[in-house]
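Below you'll find the structures, each written out as structure tokens.
Two complexes are shown next, each including chain A; its partner changes from chain B in the first to chain C in the second.
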Partner chain A sequence: MAAISADNHGLRLAVRYAVLILIAIIFVFPLVFMLMSSLKPDQQLLQDTASLRAFLPVGDISLANYSAAFDRAPVTLFIFNSVVVTGITVVLSLLVCSMAAFAFVFIGWRGREFLLTVILATLIVPFETIAIPLLLIASKLPSIGLDGLSTGWLNSYHVQIVPFIADGLTVFLFVQYFKDLPSELIEAARVEGASWPQIYRRIVMPLAGPVLATAAILKFLAMYNQYLWPLMVVQEEGYRPVMVGLQYFFQQNVAWGEVMAYLSMITVPVLAFYLYLQRAFIASIASTGVKG
Partner chain B sequence: MSSKFQRSNRAGWVMAGPAAVLIAGFVILPFFFAIALSFTNQRLISPNPTEFVGLANYRQLLGMAVLTVDPVTDDAGQVVMKDGAPEYPSLRSLTRNNPDYPHLQGMREWSSFDWGQSRVYILARDVVFLTAIVNTFIFVIIVAPVQAGLALGLALLINQRMRGINIFRAFYFMPVVVSIVVVSLLWRFIYDGDSGLLNNLLGAISFGAIPPVDWLGNPSTALGAIIAMSIWQAVGFHMVIWLSGLQTISPTLYEAGAIEGASKWQTFRYITWPGLRNTAVLVLIVITMQAFALFAQIDVMTNGGPLDSTQTIVFQAIERGYGKQDISGGSAISVILFVIVLSISLIQRWLTRERT
Partner chain C sequence: MTQMKWLAGAALAAAAWSGAAQAQTTLTMWYHGAGNEVEAKIVDQIIADFNASQTDWKVEMQSFPQAAYNDSVVAGALAGNLPDILDVDGPVMPNWAWSGYMQPLQIDEAAIANFLPGPKGYWNGQLYSIGLWDAAVALVTRQSYLDELGLRTPTLDQPWTKDEFMAALEAAKASGKFEYAFDPGMAWTGEWYPYAFSPFLQSFGGDIVDRTTYKTAEGVLNGDAAIAFGEWWQGLFANGYAQAAQDPADRDSGFAAGKYAFSWNGNWAAMNTLSQFPDTVFLPAPDFGNGPKIGAASWQFGVSASSQHPEGASAFIQFALQDKYLAAFSNGIGLIPPTATAAAMTDNYKEGGPMAVFYDLTKAQALVRPVTPGYVVQAKVFEKALADIANGADVAATLDAAVDEINADIEKNGGYGH
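Take a look at the complex of A and B:
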């Protein structure tokens, strides 16, 4: 009896793992296809889709597509632009939104409740519904450059950064986290005569590690993967981020190997970053839902 | 006492100020701008001054009419038959400069059916936009329950205690961190009509019995193909939200259930599901909002085609507001979208409210 039930248990475990692996294959096969195809010449790439060879590094393997991609488009510039826009936005967003959340949670001031309600209400306004009027506003805003005052923010870094520094979700995440901090800490510091900026900098922010990671990851994903907004506001090559830079590979003759190489170059760093910080990524998504 | 209050007021405004100003300027202002602009004829760049046009944009987008047409009769009052079917006066003669039907001027046929001897036409001023609304609703109605259900299934699967389960969780979540633009391009290979991976797979499983389909080039499969891909991309996101909900359920409830001898289904029905109430509401609202914003997939994969079968509300808003620089038309579509999203999330909240 014992032997049979042990076998049974082993079999059930094997079936479970088989199901888990099958589902995992469904989720990763397009990415494997992308990486493998980026190493193959166009003709072989298209032929290989007929068999499992599409997912294997076989045949005429080289990095030729990668160097061809660099010849076709200013790949380094696009990646640099994305890193600048994403990096600056994430840093400013953490600063601005955590300060606001601090004021909402710890400081008593007139207008606090009202302002917080309004900011949280913006959570139900999808960006897509304000994109068009925002485009009009961005095209009319004054801009100070080397050649003096001019009109219009289009084709710049700031048009991709400033509108996304503050958002309801990030403020919400900080507010939720700050609410759970022991208020005695802040009261004690007040009694000892610490100013509000001091409490923010010396007491609250050093304790905010987890929420900073969460907010940074969510903002990073949203900004790096942004498509609609840069598509509308950046026509000049000099300011294009990676997703919009893709268009270069669809002008004239499309070389799929180069497309795959470019996609790999803009995706693999994010995937590596994700796999390295996997737990934090997943925890950050989970934290948006805990108290919703 | 009063000095301290003053001080707090200043500190509060100073610290919350930057976020408040930015959100006011880049979210709230454009939101009200969208409403205001939708009543004008504003264009991105125009030599003419902007004018107030009332509801004209909305009338242009949503104008519809039902028209019943009787068959053509000859002098004797007999119905004229053509190829075995009654002949009807051409629609064009009624909607173009016909003084008897001034309100139908410029409308086009959206759909029609026969009602006894007469034919009923449903006419619309903007056929493409109406199609976009219908497509978006089809997308939401399929994606919301299927994605939420699959995500819950995955969450239950991944919530087991097994060696290496975190690795599987990491894999299932992977598509979420990849840009939807990249994903859409990769899936163009999967859906390709000639040598696509999906056609090759179906051909191999059926030993060639299933003929290849041009998934994105066929009006009857294009929207379905985009639906399947969208579910694949985001299901891991909602799996994680369900998972965090599952982990808030106290293990003592499960222990009590096990002592009472509850079956797997009973455990799910009476312990797990009630504990997931709030999570369910959140997941549904988030999926619905994301689904209504459908844009990048369309822009990368089909451009709204073939035959407008993948037109969506946001794609239309961008095509007009940005592509044709018709800011007012795009704004009116944005307002319509917002009203739809708001009503649906209110309905969802009402349906899932706490009953006491």
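Take a look at the complex of A and C:
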């Protein structure tokens, strides 16, 4: 009887792993396809798409597409720009949105429910609907640079950062997480004479690791994939991010191998960032049910 | 005293240098060719030559990827941030002129008297843009295919009639040698549809919009000729001569792989095809009853309405119209030079050159797309209608719906200034 039970357990385990491996393969296949295609000349790449060879490093393999991608576009510059814009936005967004959420959850003040509702309502407003008014505002804002005071934020890093520091989704994530923290902790700190900034810095934020990771990853992806806004506000190549840079490869005859090489290179920062925060991200999803 | 003279000399030299530097006013320029190394090199050369040729103006260029260019210009116009010089796709120019993004060119029109008609961008009787090249489409096949199928080789003077063209497709299909007899290029969406396919409609006797008034599409996009065109178009796919849904890979390499007997393709792809098959021939468009037609007009240069230095911007554009630059573009990327003298300087378009036929085709058959600000909307409506018909939609109902949509847009925009 025990042997049958052990056999069943082993079978169930085998089936479970088989299903998991299958799902993993489905998710990994596009990445493998991208990487393998980036190593093949265009003609072979197009021929291989109809067979399993598309996922294998076979045929005429080389790094020629990577070299050609660097010749066609300033790839390093685009990646640098995206990492700068994304990195600064993520850090500032976590700071500002967590402070806002802290004030909404822990500090009693008149109108906070209403204001929170308004902020959450912005979640249903697509960016495209506010893009043009935002462009008009950005083009008229004063700016101080090496040349002194000028008008307009266009062609800069800050025009790609500032509009995205505060957003409803990140505030919402922090509010939901903070609400689940034991209120006794905050009350005890207040009784001990801790100020609100001290509570924020010493008690709440050290406990907010999972939500910080979740918010950071979601913000990172949204910022790294920015296309419409930089297209509208950046005309100088020196400030262009990776997604606008992708269009350099779509000429009349698309160089698919170079496209795959470029995509492989710009995917590296995303994967590195996700892997770095993966554990906390999964913990956050498991504890809050929030999905990315 | 010697020291004083030295100092005075240095001061004079500094003043002269600073004066010369200040004398050159900067002109900004936007160009759609980012990512195209050969094209960028030629444009950079023109700019360098122009900047060195005079002391009044200095052009500085920002390149944009083509797919993002039009949106960037519209955003730049909204933000009041347009450059002095911009380039514009020929059929889009009337829209940008009407929208107040561009101003008429201040160039001597005698300098473009010998240009092909396609690269000249006229709107409301004024020249707004001028192209350094043109593009043309031809029916691409191999002489060996024509011989095997027993087909007459059509010429500019005697293009195939509709019946001859359909007989050629039937012969190719019946041979069993090809997956499809004809590759119209269904994988290329967007501007390809009106550029490549509206000439078929025009050859049938219809059009996208009534060019006598530009205020309606009624009767031209849904009249008898247009319905005959729509039924013919649908028949290409229903009868198995062409595929309505095409893999982009097949569009790129299908003809070379022998999947298609005939391919409707542009001169930009011709060099590659010729290198694969030396017996490639570029045939004129068939005559469907109203004369053979192909599209015309490619990217052109113009001056933005907000430019404070239109005379400088125009001076640069006029400088770029020299035959040596027109020939350089043609040699570099296979485009059609807009003048016969420039064509004679090229490898491919000189008399007897392997692609000279495209120059003749453009001269004989080219018809610009409707010259109206509403074209940008009409092109999208036309594209959707043709895709729907190719996929089996009712021809008359689809064209009627397209006419309604185009007319509603014209009305909404107050007739677009016509």
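Odds and ends about this structure:
Everything that follows uses one rule, which is that the second predicted complex is superposed on the first by the 229 of 292 C-alpha atoms of A that agree within 3 Å, B and C clash if a C-alpha of one lies under 4 Å from a C-alpha of the other, contacts with A are read in each partner's own complex, and residues count from 1 in each chain.
What we mean here is this: a residue touches a chain if its C-beta (ideal position, glycine included) is under 8 Å from a C-beta of that chain, and two chains touch if they have at least 3 such contacts.
Not measured: the values here are computed from a predicted model.
In the superposed pair of complexes, A:275 makes contact with chain B only, with no contact to chain C. When both complexes are overlaid on chain A, the residue A:248 reaches chain C alone and has no touch with chain B.
In the superposition on chain A, A:49 makes contact with both chain B and chain C.
Among chain B and chain C, the chain that touches a larger number of residues in chain A is B.
Look at A:135: by the touch rule set out above, it reaches both chain B and chain C. By the document's definition of touching, both partners, chain B and chain C, reach A:232. By the document's definition of touching, of the two partners only chain C reaches A:73; chain B does not. Residue contacts after overlaying the shared chain place A:117 against neither chain B nor chain C. When both complexes are aligned on chain A by C-alpha atoms, chain A residues 46, 49, 132, 135-136, 139, 231-232 touch chain B in the first and chain C in the second. Partner chain B is touched in their complex by these residues of chain A: 13, 16-17, 19-21, 23-24, 26-28, 30-31, 33-34, 46-47, 49-51, 54, 96-97, 99-100, 102-104, 107-112, 115, 118-119, 122, 124-137, 139, 162-168, 171, 195-197, 200, 221, 224-225, 227-228, 231-232, 243, 246, 256, 259, 263, 266-267, 270-271, 274-275, 278-279, 281-282, 285-290, 292. Chain B contributes residues 5, 8-13, 15-16, 18-20, 22-23, 26-31, 33-34, 37, 42, 44, 154, 157, 160, 162, 165-166, 168-183, 185-187, 189-190, 192, 195-197, 200, 232, 236-237, 240-241, 243-245, 248, 278-279, 281-283, 289, 292-293, 295-296, 299, 314, 317-318, 321-322, 327, 330-331, 334-335, 337-338, 341-342, 345 to its touches with chain A in the complex. The touching residues of chain C, counted against chain A in their complex, run 30, 34-37, 62-68, 71-72, 75-76, 78-81, 248-249, 252-253, 268-269, 272.
Residues 42-43, 46, 49, 71-73, 132, 135-136, 138-139, 152, 154, 231-233, 235-237, 244-245, 247-254 of chain A touch chain C in their complex.
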